[in-house]
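Dropping the structure in here first, questions after.
Residue numbering begins at 1 within each chain, and the chains themselves are lettered A, B and C in the order written.
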């Protein structure tokens, strides 16, 4: 009699344990838990860090780690097998590479837009007011390398404005361009409007008028082999919804 | 041509205080234990060790005088230095080594090489010119070192223990060669050694150096017969005492006294040859004025003699035959009676 | 006493197994990535890729900059090494530590330091710009400076060790033979430390060739002017992996050739 009871209890415990030990089968009604890694373009650094904090307040059980870098660098790493849950790119072209390689879990969606802005030293000592000014021979101008989205957009804008610029350097990412101008090594550079907003008092922006300016679409997608797809999807949804306010605060525009 | 040197120099805590005069034609050997300052003396004469006081003059020309701020650098002194471990330039051939000094002084390559070849013949190594120093034997290397130093025709030749690194048989041969070369050398020669045999065999005059100071100077005979330091006494193998003489009694500095045959007053050295020390089992009766009891500390068989080291007042070394030791039944720690005849004690003023 | 026959028959001692295993793992750690590189190389398009102007420019610039950096490293580094090895003066250990610092500093930090010194607003750089119109950042000269900064310590360290370990009495002997200090240096000291000179120069050149962080920070990245091979590889990796792999292979082949060629010198250093 007692043996049968014990056997039954053991059986119940075993079944219960098996159920409990399995990975969560469906979305948790309160949100999600766990950890996700988000790869994001370096121009999203400040905005996404803020979004990460807000997301954690909304989902206390969640942990978000960010990997910021040049979009093309991140793509190369993901292609080589870097493990992540979400990718937010500074341009469509890089996201397309992942799409073509079948490394995204879903169709990417544009969550923000950015446009270009010229960055100069505070006080604009060299009196730069338009793209044409960048072709002045005594100016030291730095741009992003053509492989980086920012560099491609800048090249497009300069082409449309029919301005030829001889850059002193083609930096590997947009933050490097900003720091060269901030350090005083370069007189001007072309970066994103969000970068100028995020930069400190050492620099100021010179806007590029809309017809010449290039709009950068920022797509986001969950990666195919995301370790925590559920939380990843929740993050993407957050960015597309509540995150929009934060993005606007940092200078991004809505798609 | 003379070398006149009054040298006061320091190497760390060690001070060298030497006064020396050497004339061309006399070979002076500086003898002393390791650490006496012999190499420092040569380095000071060569200009490698600056003087703190004194003066060095060679053939009337002042080489160094700190008081007058005169200091001729080594490369401008007419010197040749033969080092103890040869110090032949390992990356140059034998011929290039010998020619180095000439080339350094601006002699044309062809002339220097010809001169080097001449020297190779002179030191008996005519076909070794292209070899590297590493492939030479000790004796060959020393000959090359000598040739290298002599090739520049120096006025002062300094030899730093030239035979110390050679084995016994090579040494004998080299000493003969060296004598021959030195005899034909016209300048001033100074040889430094810690080997008394070498010093006595080669030198016209000995200078004994200890703790940076000259203890005595004289012909080899003078120095060995009248040692003025334990070092020389040990070298020669005699007992040396220091004391204060009053007529025929010397009160010894280390305790005890000796009665001598002579009459002297003041600070004196007294030399007693071990051979003249007699040992007895019982207190002897007889003429010896010096009789005292001691204890045998050590017995050393040297050749066909036994050297007995005795502790007493004073302590002394005796040299007796093995038969005598057997007869006395003498063993380490045994008490014996020691006697020395007054006439056997050699006394001279300190 | 005669040795037992068994131990006499072995000509060489057998290597202990743990050492063999560890050494094998160490070798594999270096060899496997290189094999991976060789296997992924697009041999078919190799010639075409290597002939492209950007690749050639990067290679040419790398060779120019690395050899220039080595030359400067020797001209400035050998006297510096001699000073540290032969002279004593107050503050010597501090200055010595500073000159060796670039070896342990992250290269980017070195680049920033160079900017602060020689940049447009830098300590010396601003003066050079206003007084002589000399600009160093974003120039080939700047790239050479960045490489020299990180690579010269190798010359200093190696040559200083060589000078310290040599018997200075050879210099004394030379002086007594009539050689001036300059002649002693030329005909005795430097020949005697030649193995250290060679090793130092090779290490310096190899380090300069592979330099990335300081170069991109101080000199920037511009094809033909400051884009050395490592920078080209980094940027090509994202857009043109084949070119990146080929460039890496060329760098590897050149470095390997030099290192193998001078192996005997190193092993033969006395």
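Going forward, contacts are C-beta pairs under 8 Å (C-beta built on N, C-alpha and C of every residue); 3 or more make two chains touch, one makes a residue touch a chain.
Note that the structure is a prediction, hence the values are computed from the model and not measured.
Shared contact partners of subunit B and subunit C: not a single chain qualifies. The most centrally placed chain, judged by C-alpha centroids, is C. Work out the mean CA point of subunit B and of subunit C, and you get 53 Å between them. Note on chain placement: the centre of subunit A and the centre of subunit B lie 88 Å apart, centres being C-alpha means.
Separating the CA-averaged centres of subunit A and subunit C is a span of 38 Å.
For subunit A in complex with subunit C, the residues that touch the partner chain are 70, 72-73, 75-76, 140, 142, 145, 147, 167-172, 176, 180, 183-185. Residues 43, 46-48, 73-77, 79-81, 83, 87, 89-91, 100-101, 104-105, 148-149, 152 of subunit B are the ones touching subunit C in the complex. Subunit C meets subunit A in the complex at residues 115, 119-121, 137-138, 216, 219-223, 226-227, 234-235, 237-239, 241. The touching residues of subunit C, counted against subunit B in their complex, run 167, 169-170, 172-181, 183, 187-188, 191-192, 194.
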